[in-house]
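What follows is a structure written as structure tokens; I'll ask about it next.
Chains here go by letter, A, B, C and D, matching the order in which they are written, and residues are numbered from 1 within each.
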Amino acid sequence: MPVPGAYVLADLGGPLWEPLYPTLLDDAGLVTVVPPGHAATALLPGTPVNLLGPLGQGFRLVPTGHPLDRLLLVAESTYLPYLRPLYQTASSVALVVEATTRAQLPSPSSFPPALELILATRDGSAGYLGPLEVEGAAPPGLERAGARLRELLTWAERVCLACDPGRYPAFAQIVQETRLLPGSDFAQAFVRVPMPCGVGACDVCRITTRRGEQRACVEGPVFDLLDFLAT
Amino acid sequence: MPVPGAYVLADLGGPLWEPLYPTLLDDAGLVTVVPPGHAATALLPGTPVNLLGPLGQGFRLVPTGHPLDRLLLVAESTYLPYLRPLYQTASSVALVVEATTRAQLPSPSSFPPALELILATRDGSAGYLGPLEVEGAAPPGLERAGARLRELLTWAERVCLACDPGRYPAFAQIVQETRLLPGSDFAQAFVRVPMPCGVGACDVCRITTRRGEQRACVEGPVFDLLDFLAT
Amino acid sequence: MIELAPKHKYGLPLATPLMPASGVFGFGDAYRDLIDLALLGAVVTNPISLRPRRAARGQRIQTRDDTFVVHTGWPNPGLHKVVRDYRDVWSHLPVPVIVHLLATQPTEVAESVGYLSSIANVAAVELGYATQATTRRAVDCMAAAQEGTLPVIAQIPLERMAAWAPRFANHGADALTLTAPPRAVLPISNEGLDSPVAHYMRGRLYGRALFPLLLNVLSRWSDKLALPIIACGGIGSPQDALDCLTLGATAVQIDALLWKDPPLLNRVGHKLRQRRPAPTADGESSTNPL
Amino acid sequence: MIELAPKHKYGLPLATPLMPASGVFGFGDAYRDLIDLALLGAVVTNPISLRPRRAARGQRIQTRDDTFVVHTGWPNPGLHKVVRDYRDVWSHLPVPVIVHLLATQPTEVAESVGYLSSIANVAAVELGYATQATTRRAVDCMAAAQEGTLPVIAQIPLERMAAWAPRFANHGADALTLTAPPRAVLPISNEGLDSPVAHYMRGRLYGRALFPLLLNVLSRWSDKLALPIIACGGIGSPQDALDCLTLGATAVQIDALLWKDPPLLNRVGHKLRQRRPAPTADGESSTNPL
């Protein structure tokens, strides 16, 4: 079983590898979830696929030696598949999902019943009013997602995020404000960028962090969220 | 039913059309024979194939208004598929097949029983000794193919050839020597060249004839053999 | 309606910014049964020389993956015979004809454009050059072409862009076709024969892979050349054609990709007819968003 | 055994005429788990500048069919830090290291080659140029590189072949890498968003489609340049590598095609080891059978 967040490179027919994020990987193949329209959906059942991996650093869940009690997951709706392997990795799991509008939210029935689901939309058409970063006053009948997120951050033992990386500096700031001295790896952020080589050779996957440029393929794709704090 | 020698252009996945020479063509598809290793053999059964055609000028068999009595076919072994639609188009059909060596000759059981099969090899390992153009003395125990070909040329009402076009000037010369005033279309020669456009636009398929350059795709791929006479 | 020769006394107005590239469409109406010629802005002939040219010997086409190399030698029976054979066809086409001339000698070019000026429905000449021609000779042929009355389009080989494009623009070309296909070499497949001696063929490279090179040329040059540009090279979809216009082209030519997909011309033609007008000057820049 | 710097006092002998292209293999041993590095003739580093360079902003890669455009901005922490990080790795590689330097300023190049001359197992420098650099500047950087003691290989952009290759050969380069990938532009796919504003990215073009352009360059230039040539661009099989040697190359570089197919380097390496010796002078010409 690969670490959630780690990846394999798959030959789906194009001139470059496609990263897949498996939930199960053994000699018989792998199980992964891809968005609609992904190149993998064009494969005929039973087609063998050439794979390289597993590669990269996934989510680090058990640093203190005991299983997790309280895990918070935060995702934009299009990034949900990358967090799916984490849905049952702690006694209590809360999942915050943000979408542009109601129609893009996932159906609650697609989640394990024990998981606490918190929905938010940018247009307020369902759940909390996004974006997740914003707290404070809301239009009548709506509640800001930002306040709820901060509550959950104080509750959680660990936070795993999967969003557009451009939002991570703001999330890192919020974590620093809500937690006193958050430990390294308390909040971990998944980054999705093209990874043509997967071994640190091509420099296509570089992302800028507080510790200098890092390669998502070898130092990531999961990074300490605090590495994204503005310097 | 397309004229034998006419062709369709088929989309077999590459950047250019592939010409196919159908023996049967209707709304349900086509029947054709291709050599081993041809791109069409990589198609999965049932795959729909985009076609353009039929195109080009095929063999002209019935110019005098009455069905043919005596038809002579002459082919290099690798060109046999292009003559296959002609095997049963006359009361008597004689087929001369030339190969480099015995192993490249087709099995006699693959032809209609009524067809008279004359085999020749360039190394004399089976049948007459080739090449077909040459008559005269032969090593002991062997007979030259050239003499037999000339006999058949006097017998035939019509001759259809499918060989490397570089040999047609010599064959045309032999026809002129063996027949007094051979009529136009008495001997017809099939030419296989790449035909990227099929409509006379690209000039890739030009071949040199006595009447100037002709395009195999529109003026051919079947030409009057006498057009290849050296000028 | 576009204007490809704004500085020319008669101009070169086309109803649609779409035409076939020279070398892929024949000399007249080869595609009449497969394409709605009225969707085109013009027909561009295959290259024509003043004197006859015979087809190249040896192998003429070789594919590799999605690309292919073509080497025909530009066979044609010479300008006078082409005109005798096709002037009737040309006069009945629903769109004007752009005659592509192989620009070898200035004197030949001058004679050719003089002869063409009286042929019905011939609206312009496009000059094609040997990639290895000298810049001096190329410019002299341009000057010779301008002695005629027809608008002159120059087609620049990809390899000669930097050396030729600015000169041609300054020496009075009415429009530029960017670009003629680059020269390429491929090993000749001997159908499985394990021949001890390797054989190769040189010719023009075609395929969708030319398109990113074309867009680079357009984005680098369209702002710097003060004349209409006709984009040519690997355009394989209506969206590709629109991308060319976005990056500064005034019209597009569809090259050898149309052999396998003749309806491509129809699809691009329909798309270009539906196109919204270009943004106004105070809006988003319409050339070079790179 | 081949010799890539026959005129250099120490020479540049390689056991195998095979190496990765700069920009695709990292700065040292990134591929150690996937490739038998001992099958290579040398390792070529990603481009290194004297001072640090940050990664380019915006989209860095875009595919179209079998080709792709890459735009990294050649990020690197600067030559001194690269050497600090990798000198140990380099000294333990089973093959020599060719350091690729971004040739921007002659003074920087001179400083860089001086610094590198004392680094263990660095056997040569390869100079990389901005495609838009002036010829003057490019030649000056070459001259500066020759102030050091290492052999100097110059990598010529495809677009600058005619203008630069003969000059570099005459100005004392020990070998030429033909070519650096051409610049190309592609529209950026917005994952289905029907964005009203078109976006484009410019970068280096990679893919098998480069190979026919490479063979054309080799067949045109190998006879005219009296120095070893390293072929680079779209080589995707052992046979491709052999074709390059047949057309006059002394060695080959495998470019970004190796990302998807790292064993390609092993396959080419094995094939080149089995190769028959070149034909003798009185036999069939071994260069330019075209």
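As a convention for this text, contacts are C-beta pairs under 8 Å (C-beta built on N, C-alpha and C of every residue); 3 or more make two chains touch, one makes a residue touch a chain.
Predicted model, so just to flag it, every value in this text is computed and none were measured.
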Third chains touching both chain D and chain A: none
Chain pair with the most C-beta contacts: C-D
Most widely separated chain from chain D, with each centre as the mean of CA atoms: B
For chain A paired with chain C, centre-to-centre distance based on mean C-alpha positions, whole Å: 50
CA centroid of chain C to CA centroid of chain D, Å: 34
Cα-centroid distance, chain A relative to chain B, in whole angstrom: 65
Per-residue overlap in chain B, given as positions that touch at least 2 other chains: none
Multi-partner residues of chain C (each touching 2 or more other chains): 65-67, 207-208
Contact graph of the chains (line, ring, star, complete, other): line
Which pairs of chains touch, using the document's own definition: A-D, B-C, C-D
Contact footprint of chain B on chain C as seen in their complex: 23-26, 30-31, 33-34, 46, 54-55, 60-61, 63, 65-68, 70, 72, 74-75, 77, 192, 206-208, 256-257, 259-260, 262
Chain D-touching residues of chain A, taken from the complex the two chains share: 11, 14-17, 37, 52, 193-194, 196-206, 208, 212-213
Residue ranges of chain C in contact with chain D within the complex: 64-67, 69, 159, 161-162, 182-187, 197-202, 205, 207-209, 211-213, 215-216, 218-219, 239, 243, 246-247, 284, 289-290
